[in-house]
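Letters A, B, C, D, E and F mark the chains as written, and numbering starts fresh at 1 in each.
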Amino acid sequence: MRYIRELHEGETIRAIYLCKSKRTAETRNGKPYDNLLLQDKTGTLDGKIWDPNSNGISDYDEMDFVEIVGEVITYNNNLQLNIKQLRKAQEGEYILADYMPTSEKDADAMYTELLGFVNKIQNNWLRQAVEFYFVKDEEFIRRFKNHSAAKSVHHGFCGGLLEHTLSILKLCEYYLSAYDILNADLLYAAAMYHDIGKTKELSAFPENDYTDDGQLLGHIVIGVEMFDEAVRTIPDFPPKLASELKHCILAHHGELEYGSPKKPALAEALALNLADMTDAKMQTLKEIFKDKNTTEWLGYNRLFESNLRKTSLS
Amino acid sequence: MRYIRELHEGETIRAIYLCKSKRTAETRNGKPYDNLLLQDKTGTLDGKIWDPNSNGISDYDEMDFVEIVGEVITYNNNLQLNIKQLRKAQEGEYILADYMPTSEKDADAMYTELLGFVNKIQNNWLRQAVEFYFVKDEEFIRRFKNHSAAKSVHHGFCGGLLEHTLSILKLCEYYLSAYDILNADLLYAAAMYHDIGKTKELSAFPENDYTDDGQLLGHIVIGVEMFDEAVRTIPDFPPKLASELKHCILAHHGELEYGSPKKPALAEALALNLADMTDAKMQTLKEIFKDKNTTEWLGYNRLFESNLRKTSLS
Amino acid sequence: MRYIRELHEGETIRAIYLCKSKRTAETRNGKPYDNLLLQDKTGTLDGKIWDPNSNGISDYDEMDFVEIVGEVITYNNNLQLNIKQLRKAQEGEYILADYMPTSEKDADAMYTELLGFVNKIQNNWLRQAVEFYFVKDEEFIRRFKNHSAAKSVHHGFCGGLLEHTLSILKLCEYYLSAYDILNADLLYAAAMYHDIGKTKELSAFPENDYTDDGQLLGHIVIGVEMFDEAVRTIPDFPPKLASELKHCILAHHGELEYGSPKKPALAEALALNLADMTDAKMQTLKEIFKDKNTTEWLGYNRLFESNLRKTSLS
Amino acid sequence: MRYIRELHEGETIRAIYLCKSKRTAETRNGKPYDNLLLQDKTGTLDGKIWDPNSNGISDYDEMDFVEIVGEVITYNNNLQLNIKQLRKAQEGEYILADYMPTSEKDADAMYTELLGFVNKIQNNWLRQAVEFYFVKDEEFIRRFKNHSAAKSVHHGFCGGLLEHTLSILKLCEYYLSAYDILNADLLYAAAMYHDIGKTKELSAFPENDYTDDGQLLGHIVIGVEMFDEAVRTIPDFPPKLASELKHCILAHHGELEYGSPKKPALAEALALNLADMTDAKMQTLKEIFKDKNTTEWLGYNRLFESNLRKTSLS
Amino acid sequence: MRYIRELHEGETIRAIYLCKSKRTAETRNGKPYDNLLLQDKTGTLDGKIWDPNSNGISDYDEMDFVEIVGEVITYNNNLQLNIKQLRKAQEGEYILADYMPTSEKDADAMYTELLGFVNKIQNNWLRQAVEFYFVKDEEFIRRFKNHSAAKSVHHGFCGGLLEHTLSILKLCEYYLSAYDILNADLLYAAAMYHDIGKTKELSAFPENDYTDDGQLLGHIVIGVEMFDEAVRTIPDFPPKLASELKHCILAHHGELEYGSPKKPALAEALALNLADMTDAKMQTLKEIFKDKNTTEWLGYNRLFESNLRKTSLS
Amino acid sequence: MRYIRELHEGETIRAIYLCKSKRTAETRNGKPYDNLLLQDKTGTLDGKIWDPNSNGISDYDEMDFVEIVGEVITYNNNLQLNIKQLRKAQEGEYILADYMPTSEKDADAMYTELLGFVNKIQNNWLRQAVEFYFVKDEEFIRRFKNHSAAKSVHHGFCGGLLEHTLSILKLCEYYLSAYDILNADLLYAAAMYHDIGKTKELSAFPENDYTDDGQLLGHIVIGVEMFDEAVRTIPDFPPKLASELKHCILAHHGELEYGSPKKPALAEALALNLADMTDAKMQTLKEIFKDKNTTEWLGYNRLFESNLRKTSLS
């Protein structure tokens, strides 16, 4: 397959890409043309169909995989594709994994590492609640391993949810070594559960967009409900403990204005909130710095409310 | 029974009151004495036991009902009770309803009115979900009718939760007549459910204080869980509709910083939020104005961020 | 008359529209052309004059009524008008009411309903103050009935101010039935006066833009001055009562940061603020939902800080 | 007269003071006694009547002038007065000016200086509007010269309103010399009018408390009304100019959240706002530093959100 | 030299301008062209090179001085330059001062005035600290006189830093005459030092952009370090006095959220903050009003959060 | 020595304590008495001298070490000391370390651990800058090891600054293992320097209060100056690197409103900010939970804006 990142000016290609978006416009003299955004896992490419009504151009829609024939040109210092032929590709002609941004880390290896944390949970009730999804629910495991942790911002790629959750677990492991007021069982279980609502808040790749439940309830409340579903299958689960874990999920954004209906009231809820914020900020910066081989200023970033650059030592 | 509001200086009384709080202090010359806050449904009264170790004073604790013998005096323009004898009263010696602030409206009449709204719900799923608690659950109905809607602020009395809920339903009925974009079934069902989490967030009278779940989860999330419990008993309840009603509960505080994890996204959620805020503010003012037979300024109120008074026409 | 909402692709029309805006641009090869925004009460239409210097195109300006001849085409899924001829229309050639967005409700009927509220005011002073404008001032009545309540946002159409005021009066009528601390005379009079400053803050249709006084003083202070003008004509109007009504006008936005120089200090001022906010929010949502025959998500709305949709029951 | 600032421990005095407040308390063994706050223009003094029912103690109330006989003692490093006799003083027995904090500057001299600014106003309309109060209204002049500019905070003394207004005029005079975009006539007239509403927002000394209109309308809107009253007596006053001066009054607090319903939109409104804020802050600091003969830290000040001290050079 | 402000449509010119920015675009039919922003001290001009590859167009970059030959046309009511020839100009062909926005006031005269304030400083330590830069450091004096006080907003021109500093000194001189709690030596010295960090926060003209130290440290901390450098050369400089002057620099933005790590704790720090804010706001308005010969509304301004206009008296 | 925590009711003791505060009051019948707050490292104890003028009571002041003889009684459930004799103790009679709250960890062991991090710094410039204080400056080392990190809140005890700094270093070590965008040399050096300004912001124990420089400059700017002092001794220290480390110190509070004049612009500055916030919050909670052997709710905490409790698993 010809990956987008490897194309260069002047070549004529035949390849299958995901059509992420499609918009019809019109030239000054009134001729309609199509703007496409083509995507594979290495990036995106603007495409133009200057003659959408020609025979070579079949019907297609957003989110279709399309085989195109076209010429790579340069426009305003960016590559662009003048598309001569286009047809919808059939399942089997392409491998899904080629078309989605994906964690650089191996999903299976990460999941094995996550299971190591499951095994550290001594408390029988919490252990069962965690195993309900992470060990026994095959369908959940498959979705969790491939899900992103966000529509945009940080960890917005296949495996991002798993990578983020594992990163949090390790931060929590460090916190447990440093602050003896923390209970490992509650903290590990809460870390695993904290974002599982995202498996229902966002649809799976390649769409990766907010679902109806995502809009109406959000991943925090969905996560509480998913935990509750597990608890109902475990006879005599202590109600106080269940409420404590739910509280950790509810409070993990740390502030009401960030969507947590409760502020952290337990040490474990506070630690989870700190781990979540730390990983979110560091990973966001990592994604900003990625592929920037410079110590020059990168421009003002609205999230960090600052211009950003790498240290001169890097 | 001798109600606190009807006591006057100089009389010696024997009566049973709820001991809402108890604090031991010491006179300048080192003698210990007890400060009590006595309560019945008509108000509260400071009590002093100047000789706690005398024979007439038995052991007692906060939240006990105590029979006292004492003299009513005036101190700093307020009545006070110098307690000579005190003993714990037994169940049967007092009627609970005499000791709790209670809605001025009749609970049964209000509940009948509320059931009238249940009958207006045409949608079969929502109707069943509402009846699960409000028609079929005897224990819930009993608790709901006697619960307060707050620890302090507005509707903080027996029957307050029912009075507030009914008030909201009527406001919603008015909104439905004025704004044709609203769906009656969803709005009525959401209004009934919006604060039922308070039956678990606050303990029953006479304690009326935050429960463990109230602290950890809050009435908004508890309400969603209670609704979910009803839904699980109704086969084929449409998931989208369930999420919409949950959304109305979640969003009814209107702003993230007020504890709603989602802002209103449906017209019915917005209407419920407006009705809740309107009744909360008007009732709070009503309770401030109560028994103030004056159009003078009543002093700065932190909640309204203003000095307050009645109109000169009142 | 050919209403804009009823045009379709391919036809050639001759019609008179209001030219709401006009902007000259230039094609890539340096030819100037005109962009017009044409308006009638059913909507707006983009127009293009590709040859502004041709004989058929007379001089014209923004806010002129123009008779055009042109061809309706489709561009980017929207209708557009290629204008071949254009001339300014004379008064008499068109009916003003055809060109302005107008309340769906009948102005005379609404006004009659409003007068019903005037008649409910028992207090002689307030009754006279209300009649000063709403019964005796013909010029005011004409302007009030045709005014909008906003430049954009809610009720931004002919009759919008009347519709909004009437809606508030009815909400207040409901509040009076529910909260016995409210005085009907003060509340009704305040509701009628609360936005009359808008008759001077915004110019009349078709312009409907901020006046100099609107910018410098705003409708809240203008409203107080208009009420003061009425009071000065009524001998012995009680000063305290006058100040109370002024206060209701001043405080009706509810918060200093929304432009009210005082927070509500009277129950009636609070109720007016709640009614105003309720009607503003519900009407805004109504205008967003209008003509959207879908229960799909409508996109993020900045005012409500949320994505929005209709309930699945609608 | 024996001024409070000049009293010392051990002497027995007979003198007349203003009784600013009165509170009845009770000793531990149940004996009632009175706490008084006595005031003259040099300061305040705590007084105690240990035997309120003795023959020497007549009836009295807050805000009465009282002649007392008592002994000056020291308690917790502060002077205190043990009062043996007390009677209400009659008008004529005391001179009002002795009992109120008063500007250190001579009121007549300040007023003469202010009239100098009146004479600088060239614009005929604004000149007449200013003269309406500051030259022709004897009663207003008398009140303005003796009024305070605040209940507490800065300039809360007799003559404070005049002193503040004059200070602002001089700041404006400086601004006019520095920034040529400012119009002197509008700026001087606005400066004179900006706080005249305080003559009605606060009652006169010795009470110096918020009036009913002060609570309901505030000095900003009262000021606009007072200016409007002047304008109505001047035939053909240009409406645009009147609105500009009203705008300057309305906007002089600079921010909506500080009670201005409009932000400054004219250069003169901005300059007035800057002058007002500068004088308010500098004068507040001056009052804090007064009588503190030290360069030590004076403690955290909530208004300035900082600990404060004088420079080591002072 | 042909100044940009004096060009008119139709003429063909040969002149040297600064190329402030350069952007390559493409016409609809795929032909590349260059957009230039040309600048001299009288303003800026859009330039187009429709044939960048022609012989007459040499290589050039942003921030080059270029000699162009071209035709002045009108496009959308603005002048534009169609460039036929372009070559980089050599040093010596142009005078730098012709190409930068420059204070209207004479730099030498302003500097002489500033030295007058140096001479008013009596305190020996502060006098030496000020003379270290403003009298003895020739290189600093040259930079200070030509520096701007901002990248954009107010005083963003050659000499702007000097003009702003002098303006502040005069405001402080006025404050000293009005508020006797201020120490002249500390206030004058602090005023001179308050923005000298800008000589390192922003690069010199024509670039006038943030430096690396400007981004990392900001002019407030840089200013403290520059003062510290002076202090280290003065034996026995009193540490307390040094800290006070540093504090004035640190606190001159007045609020933590404006970048001051400390709120003003000394009267002089407060006065400096007020002077800085006053001059910043008045000068910003002055630059907005400049060349606007109208009393019409100028449109909404985000900084002042208001629509703005000149008074009708101007 | 008799530690305060080990005292019990009824015993008569002779011991030396630090007199942390002293306040003179008066009994109801006018007899003066002294309130003392006595302190040793195990806690504090209220003391009363009912007869301050007796022969046994010598002169003494706050912050004196005093030998007292007195009787331990119980008052309001707390121990209290009735002091019969008191004299100032001389240096040599007591060991300072017995009287100050002190880290539970061994200062020498912690410092050795900190030196391990010094050795990890490879960059020669940063290594020298760190060694300037942490290896070569004996006086600094002594102060740093005994300093607190706060007047109140977290780490407000002897050794607290060292404990906090070491805790941050370890968090940074973990971050370095998890996020490969971080540079170890810059991050470790910044962590060591981030709070060293506190050695001058707060006076040493037992006073532990803000110094004049602490008030005027704050530990952030003091820290930058201390680093600058080190840099000036190191020939050819790269200016860019120096600015980066200063930036990390300046930005370590993360937000302007928390006193950082710059937001983090480097990954290392962000990481330092996250480590500082994490340790501050976790340590604060740890100090709240200390000695609370309960899983009951501990009451509302203003810092965390929540009621707090330990998990039921603890």
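Methods note: a contact is a pair of C-beta atoms (placed from the backbone, for glycine too) under 8 Å apart; a residue touches a chain by one contact, two chains touch by 3 or more.
Being a predicted model, the structure only gives us computed values, none of them experimental.
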Intersection of contact partners for chain D and chain F: B, E
Over half of the residue-numbered contact pairs in common: that is the test. Which of D-E, A-F or B-D passes it against D-F? B-D
So using the touch definition from the top, which pair is joined by more C-beta contacts, A-E or D-E? D-E
Please tell me the distance, in whole Å, between the geometric centres of chain C and chain D computed from their C-alpha atoms. 44
Interface hub residues of chain F, defined as touching at least two other chains: 28, 212, 215, 240, 244, 262, 265-266, 307, 309
All chain pairs satisfying the touch rule are A-B, A-C, A-E, A-F, B-C, B-D, B-F, C-D, C-E, D-E, D-F, E-F
Chain F partner, complex, touching residues on chain A are 123, 167, 170-171, 174-175, 178-181, 183, 185-186, 238, 240-241, 244, 262-268, 270-271, 274, 277-278, 281-283, 285-286, 289, 304-314
Contact footprint of chain C on chain D as seen in their complex: 212-213, 215-218, 220-221, 224-225, 228, 239-240, 243-244, 246-247, 250, 256-262, 265-266
Would you mind writing out the residues of chain C in touch with chain E in their complex? 24-26, 28, 210, 212, 215
Touching chain C in the complex, chain E uses residues 27-28, 75-77, 297, 307, 309
